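The letters A, B, C, D, E and F name the chains in turn, as written, and every chain counts its residues from 1.
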Amino acid sequence: MSEEATVKKFMYLNRKAPHGTIYALEVLEMILVAAMFDQDVHVCFADDGVYELKKGQDAKGALEMKDFVTTYRALDGYDIEKLYAEKESLEERGLTAADLVVPVEVIDRAAMAALIDSMDVVLSA
Amino acid sequence: MSEEATVKKFMYLNRKAPHGTIYALEVLEMILVAAMFDQDVHVCFADDGVYELKKGQDAKGALEMKDFVTTYRALDGYDIEKLYAEKESLEERGLTAADLVVPVEVIDRAAMAALIDSMDVVLSA
Amino acid sequence: MKFAILVNEGPFNHQASDSAYQFCKAALDMGHEVVRVFFYYDGVHNANRLSEPQSDDRNVVRRWSELGVRHGLDLSVCVAAGLRRGIKDDVLAPGFRITGLGQLIEAGIEADRLVTFGD
Amino acid sequence: MKFAILVNEGPFNHQASDSAYQFCKAALDMGHEVVRVFFYYDGVHNANRLSEPQSDDRNVVRRWSELGVRHGLDLSVCVAAGLRRGIKDDVLAPGFRITGLGQLIEAGIEADRLVTFGD
Amino acid sequence: MLHTVNKSPFERNNLDACLNRAAAGSAILLYEDAVYAAVAGTAVAERVRHAAEQHDVYVLAPDLQARGMKDAALVEGVKPVDYTGFVELVAARGTATAWL
Amino acid sequence: MLHTVNKSPFERNNLDACLNRAAAGSAILLYEDAVYAAVAGTAVAERVRHAAEQHDVYVLAPDLQARGMKDAALVEGVKPVDYTGFVELVAARGTATAWL
């Protein structure tokens, strides 16, 4: 199989809240670069990672920090369309899909586990 | 009151396990310097901080990391004698005072709470 | 009232430095005195003048430098923590100085309050 | 087998860099190939040649440099994460190079396994 | 005394560590990722409501705003403050203890 | 798949996060501060024993030794490995997922 033909299943697994640490922002920078490679990209949000997608964030206005959350909305333009959020993680935090800045497929914990298990590369933070 | 006469109650509150992060080591460096000031020093161990005192640690032999734990035994020579470990934290981790490298006063959570509440300065990690 | 501020984490990776800066600025605006800002653990990275954030982001290092100069703040970087992590005079941003841990204890004695920002 | 290694945290503050080093050394000793060690987030601080640990401590930066030179490893430091944190060519230790995030994705494609060490 | 907590209650034990040792009547400030604990309707809200009966619990409003929680209902008894209020709490409540 | 956990189960949610999503039969390696989870007689030991019934749970021996737990009794079913064993697990068990 030639190098060009290699298509792997990549998962970017977001488990951390935004702003308190930089992981959410720098994972997003990673995803934007990953979009330039023809790989099968999955972006997942679980645990505190679901907070990354909360509508109405205003890090710049509130704290002079960087507003990176709107960039999630640009993922569609990069042909990154497989976005998943875990149902249980949303529920524990009192959130629903309607609270999120982008449309995601809400899947339950068992489905998330199966999805993770099917990946070739998992990049997590 | 002159600067020289100021004696404050300082607490060094250790809540983190050793080796996984540097906090335990650098708090200890802080305590050694603090010993040179004539302040009322209290060194407390709670939550994962009680692991800092576990006997038999061998970070150098196992992982080429720095063996700093023996330094706790030197604190006595610096006239730092008020060492406290929280009973509940030890119990949750299956430890007793006999597992620790230095003699400490084991106090329960309520006593720890009262001790913290009586401090002028709390340095925690 | 006299405040001392302890910053335990580096810029960007954790919010600690941002929070400490906002706190410091608010305290100064309210007329309080900040006797020292002490940078310990990874906090020493806040003094690295080579830091060059993206143009649409805040410049954490420069912001501390400017606040320090404007208010004559003592921005103290721990020598031992700094050596370990490669933060020395070679890369020190304006307004910061390298000092010993004794300066942290002194600040704790001299200030009415010591406030810690970390991970 | 081909390994790629991702280091997310700086030296000393977290064990991640130590663990990655021990893993890398073991893999090489066993005859595996390490196609790239990529330093991201605070991991970029592992490349700071100014780091000067105490004499009784391990030298994390130098150790990576030496392992890199000995085995011809590709020690890649993310340019964007490095710029933000002040890790640039000015302070880069021998054996490290500044590269883009694309090198991480490429390593993930090329290697049989990508192993992450972080906080 | 003023206790500060800055970590998400879903990720770490910091909030519990604080609540386990904060003397009755002391002040507790939730900021950075700990502000999620102040929002009503989550799995930890009941614990925080109970804490607010025994302590003066505050939440840093700019951190709520940064996280899209500016208009979220807060747990009963939790009071928002801005950075000026944070400084006032430190000044008024004595020793500041950070539960890192 | 190999899942790795490196944080203390008393401090953070990483171990639970992993156990909640690890497919049955996968391998789980506890290292760095997560090795405390492998020691018998703690408040989390029962959870880990249960996990070891559904997964192959390993613990990194050098990390135990560093922490003074070299001779500690381990939770039933948890197997110690050294760095060579860690590398072998990564090679043998497929994708490595780090629960950071």
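In the analysis below, a contact is a pair of C-beta atoms (placed from the backbone, for glycine too) under 8 Å apart; a residue touches a chain by one contact, two chains touch by 3 or more.
On a predicted model such as this, the values are computed, not experimentally measured, just so you know.
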item: Required minimum of steps from chain D to chain E, each step between chains that touch; value: 2
item: Between chain B and chain E, the fewest steps along chains that touch one another; value: 1
item: Fraction-based call for chain D against chain C, same above half, different below; value: same
item: Chain whose mean Cα position lies farthest from chain D; value: E
item: Of all other chains, the one whose Cα centre sits farthest from chain B; value: A
item: CA centroid of chain B to CA centroid of chain F, Å; value: 27
item: Rounded Å distance between chain A and chain D, as computed from the means of their C-alpha atoms; value: 25
item: Sites on chain E at which at least two other chains make contact; value: 6, 10-11, 13, 32-33, 62, 95-96, 98, 100
item: Residues of chain D engaged with two or more neighbouring chains; value: 8, 12-13, 15, 22, 41, 54, 57, 80, 114, 116, 118-119
item: Per-residue overlap in chain B, given as positions that touch at least 2 other chains; value: 19-22, 47, 63, 65, 121, 124-125
item: Every chain pair in contact, whichever chains are involved; value: A-C, A-D, A-E, A-F, B-C, B-D, B-E, B-F, C-D, C-E, D-F, E-F
item: In the complex, chain D residues that touch chain B; value: 12-15, 18, 22, 54, 56-58, 119
item: Interfacial residue positions of chain A with respect to chain C in the complex; value: 19-22, 63-66
item: Contact set on chain D toward chain A in their complex; value: 6, 8, 40-41, 80-81, 100-102, 104-106, 108-110, 114, 116, 118
item: Interface residues, chain B side, partner chain C - complex; value: 3, 6, 8, 10, 22-23, 26, 29-30, 33-34, 36-37, 39, 121, 123-125
item: Residue ranges of chain E in contact with chain F within the complex; value: 10-13
